[in-house]
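This is the structure I have questions about; it appears just below.
Letters A, B, C and D mark the chains as written, and numbering starts fresh at 1 in each.
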Amino acid sequence: MTALKPFLSDNAAAVHPKLWEAMRAADQPDHPYDGDRLSAELDARFTALFGRECAALWVATGTAANCLALGTLVQPHGGVVCHREAHIEVDEGGAPGFFLHGAKLMLCGQEHGGEGAKLTPEGIAALIDPVRNDVHQVQPHAIAITQASEYGRTYTPAELAALGAFAKERRLCLHMDGARFANAAAFLGGSAAEAARAASGPVHSLAFGFIKNGGMGAEAVVLFDPERAMEVRYRRKRAGHLQCKGRYLAAQILAMLEDDLWLANAAHANAAAREVAAGCADRLLHPVEANELFVRLTPGEREALRAQDFAFYDWGADSARFVTAWNTRPEDAQALGRAIAAL
Amino acid sequence: MTALKPFLSDNAAAVHPKLWEAMRAADQPDHPYDGDRLSAELDARFTALFGRECAALWVATGTAANCLALGTLVQPHGGVVCHREAHIEVDEGGAPGFFLHGAKLMLCGQEHGGEGAKLTPEGIAALIDPVRNDVHQVQPHAIAITQASEYGRTYTPAELAALGAFAKERRLCLHMDGARFANAAAFLGGSAAEAARAASGPVHSLAFGFIKNGGMGAEAVVLFDPERAMEVRYRRKRAGHLQCKGRYLAAQILAMLEDDLWLANAAHANAAAREVAAGCADRLLHPVEANELFVRLTPGEREALRAQDFAFYDWGADSARFVTAWNTRPEDAQALGRAIAAL
Amino acid sequence: MTALKPFLSDNAAAVHPKLWEAMRAADQPDHPYDGDRLSAELDARFTALFGRECAALWVATGTAANCLALGTLVQPHGGVVCHREAHIEVDEGGAPGFFLHGAKLMLCGQEHGGEGAKLTPEGIAALIDPVRNDVHQVQPHAIAITQASEYGRTYTPAELAALGAFAKERRLCLHMDGARFANAAAFLGGSAAEAARAASGPVHSLAFGFIKNGGMGAEAVVLFDPERAMEVRYRRKRAGHLQCKGRYLAAQILAMLEDDLWLANAAHANAAAREVAAGCADRLLHPVEANELFVRLTPGEREALRAQDFAFYDWGADSARFVTAWNTRPEDAQALGRAIAAL
Amino acid sequence: MTALKPFLSDNAAAVHPKLWEAMRAADQPDHPYDGDRLSAELDARFTALFGRECAALWVATGTAANCLALGTLVQPHGGVVCHREAHIEVDEGGAPGFFLHGAKLMLCGQEHGGEGAKLTPEGIAALIDPVRNDVHQVQPHAIAITQASEYGRTYTPAELAALGAFAKERRLCLHMDGARFANAAAFLGGSAAEAARAASGPVHSLAFGFIKNGGMGAEAVVLFDPERAMEVRYRRKRAGHLQCKGRYLAAQILAMLEDDLWLANAAHANAAAREVAAGCADRLLHPVEANELFVRLTPGEREALRAQDFAFYDWGADSARFVTAWNTRPEDAQALGRAIAAL
């Protein structure tokens, strides 16, 4: 595959050299599980980044990060409002059903408004208000949003504030699937702290993704109500996600935070996406804000691109999805943009 | 901690250099999840090792490996027979309850016979036969044994055959927790293939541990009924254990199998344990077969050892547990043996 | 409420006198749970009715009947295809999530065809074929249909045969929610045995409802693969549904089967529904086949009917639902038909 | 069986005439589920009985009552301390594992002290204090006691107060399985209100049994923290335990409370047990406080009793269990006592 220009997914990209260094540096005796010195730094480092007290735990996958956080926000007899195209609904093999013990995903769709698989207070209200206080129907306990969304769209701080206020009013918790949180933050701009705060808004919990951004196998569950952290620790162990040698996961995350590598990597990927977008603005199904492009392309056009060694996924019958990554070569992005423009 | 002579646990030891090499070699573009070339090799490699058809999947922890395998053997309304001191009962934070949806662990204890937390057909029969076919009582669906046991004891091929025959007669499945399977195999002896077959016997599934034996974060779920493998794949995803970049896990496991590194590492650890044992034969609570020692030591004696920089866990009021690892320095093992002898 | 003409629901109607008699006759010492003589008759009685071997168990609610049966057909990591308006999806408080341990309900909607919340093979294929063999997506294990449907429509024997063949081809099990199975059978016509067979077709399991048809608190789980019955017995106990004094439930069901009371009661209710329908054919949202009517009525019209002491539920903004029962007085049904006609 | 003198179990006894009357009186139109006038009375009636605010819900079985209450007290990752011989551990087919989503039953045994399967603060402390705050071990969330115990022993108010204080100190909830609560209350004595308060002490929730005491199929879940009641309502529906025609269950319970029938029935059963005990004081394994007797009897002696038409269960190799009920005929109890004395 080495000759291909890879736009399939950011989730298979190589590991960033700084993370290799950090893992090797961790390769010395220390306490098992999360008793090591590196794991012990996480709470403070994320508290500093977000400027509000939080606890942070490593886990190996975004699926686990989302579900462990949601498990503390939602009772088994409750529900989680999310978009019908949310990753937790369509791409996690039923993991929420497992981790939440059968709690229900309550689905907003296009009919509830919201662009690019984003949720709005109005849409959620239309979904949940009719079922309120009816014992025959599952009651919502939390809302889960994705930042950046499954279509690469970001929630603005104002949109997040509105969702937070709505959640509070309805006594719901607010969780953020941040598999591409870094890309959303990079789009929103500012210093690392400013970007992190802007992109996270008033959420109760965040699955902060690093794997798509140059990590090997470490994401962070960030809990802005630190009291929930102890519960997540028990649930993490119970789910088989408390690794023996946690220091290698902590090392990855700390290296990502060091010198704001997470933000730089994401900015690189976003820039590459913009390069591509420049060549296909008229074909875009969604504005390009993060590092994904959804492009109207006929089967013949897709074939032509593949003949030029571009690797990507079809997206329905008449479109394709391109994803850039922390290590996308600018020349590949430019070449892709030009190739589409030339179709 | 670097100055300490570490006998706390093998589960925090450093990663073997060959595995670092293998992971670095995997650091190039490939398909995500388990679609990569390395993951695709696992089934064949384990089939070759065990000499009977099997499927093998990577997961990040032994807890997940055990529970994912058991999940295919046990219905939620059933039970798993294990020892009261089995790791799945006492040390996995309730993971079996989670993965098996509330299935019951049915506990054999010392009153059921069996040395060193091992199970026997007679003991299991005494436990389960009285509850047979009574709808008010949970029915057993599987038996779970630990090889080497929680006290470092191994099941011989004859013992495994007897358990297998018993399980078949009672229509139960047989699972093996092999967190220290390599140490048991090394104790039983022979070529890698001979040792692997001897140590696994007729089990239906095996959680084959590598992490305590020099791995970073990869164990193998080995299913000798390959039809169950597809089910484990779905359950692995559902449990958040399908990592994006599975090639780094596959690389670790393949490196372990290469040139029988897994067996050599375990043999090293076992030899170190024997070195220690040589100094304290009269104090041993259990015969030393694998890489753990349970040694009668008064609080004062433990204090004296710690003053000499030996690190280990207390085991109850009057004993201590020492664990050797793939990288235990022979001189440390000898020193420990001498130090105990000199008490 | 006694002065009202009740068309709210059949599920709150009084208990049929024959069932009171039968329960009183059971009021003598016998074995607890389902060890009594009456419970022991169920398998044979249902086998005779359906003309194929089956096992039958009593439970107290339709929700439990559906979920216990589905629990034997669906693994926790699998899914159940049903209609988006199916009772198990919208009206059982998340019970399938609980009983099936988080298995997913996979929803067909109007976009998948099928009248009156009925499913078709084509619609199901459109839903499930795209997710086949993708470990990131829940795989269907069973199909659940409702006979009569949530809009009072019946599946014909030909439609059931087609669904059965489709299920077999896709290796799915087929379950029937028969909360109003009697009403469907009465519509399809023939002797009790003919009607029961016609209405059930080739399903693997049936929740045979009696409560809406004059029962007090007993439904039957009918399993046409008797091997599954033992599993349901364990699951019933585990769900707290094995009542101590099961003979009072068995007595209700046997009284319903005696002299085909179940069919006579349903025929009565269906006839009453037809009486109503005669007065509002032009306003019907769905053809009237069983004992439910969905009638286009403005808020003002509904108010006018309520002023005449008719009790019923609104159905959205511009309609109402009327349900007849085993004890609906013909004069009330005629009066309702006339009252609507006169609006 | 009519000729037998039944001491097998109170859970299969006939239904009390007053309850039949009450159910027949409820046989008129009313709202479905628990929307009827009778169900609406429960909270106030139990609040009056216990003299402290509570909510009360009907369910069909004691298993459901226990598990629905415990479900609000215990998170899935937590544990419930109970006796190794507690009904929820040994006789409910794994129901706690189902309702509590795999939470663990943490077992006190004889080695922890406590007579007749009763728990003590000291015994519980010995069990749970060693696992505190260890993420590898399940943490207790609640304590479940049985009143009267599985051996017919009662907790005194002082013992309950001590358990309540201990639970509070350890931040645990306290649940009472009161399948034979009435018998315990009758033993403790006083007016109905005094007896109910004495027998319940400071528990957070109580499964108040009526079925063994003359009911047909209705127990009450009593929640002394009424805020939990709404959660139990959702969980009851989700477990398929919200019956359509709840008024027939409410009618049973209200009839039991009317004129303190529950206490009179239990006093009758207890008196019958004392009659039996008078004939076998020297053979008793446990003091007789409620309505169960555990009597040392050789196989030959048991055979001799059965030859005289006494029905009862063996209890291990050398004993038998006799249970009296609300309708045990005094002459049968006396006859049994005499028969044992004459052995």
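Here is the rule we go by: a residue touches a chain if its C-beta (ideal position, glycine included) is under 8 Å from a C-beta of that chain, and two chains touch if they have at least 3 such contacts.
Since this is a predicted model, take the numbers as computed values, not measurements.
Between A-D and A-C, more C-beta contact pairs are found at A-C. Put simply, the chain farthest from subunit C by mean CA position is B.
Look at where the CA atoms of subunit A average out and do the same for subunit C: the two points lie 43 Å apart. Work out the mean CA point of subunit A and of subunit B, and you get 34 Å between them. With centres taken as mean Cα positions, subunit D sits 50 Å from subunit A. Multi-chain contact residues, meaning those touching two or more other chains, occur in subunit B at positions 76-77, 92-94, 97-98, 101, 135-136, 234, 237-238, 242. Against subunit D, the residues of subunit C that register as touching in their complex are 1-2, 4, 6, 8-9, 11-15, 20, 24, 27-32, 36, 59-61, 63-65, 67-68, 92-95, 97-99, 211-212, 216-217, 234, 237-245, 248-249. Contact residues of subunit B toward subunit C in the complex are 33, 75-77, 101, 135-136, 139, 231, 233-235, 237-238, 242.
Subunit D makes touch with subunit B in their complex at residues 76-77, 79, 90-94, 96-98, 100-104, 135-138.
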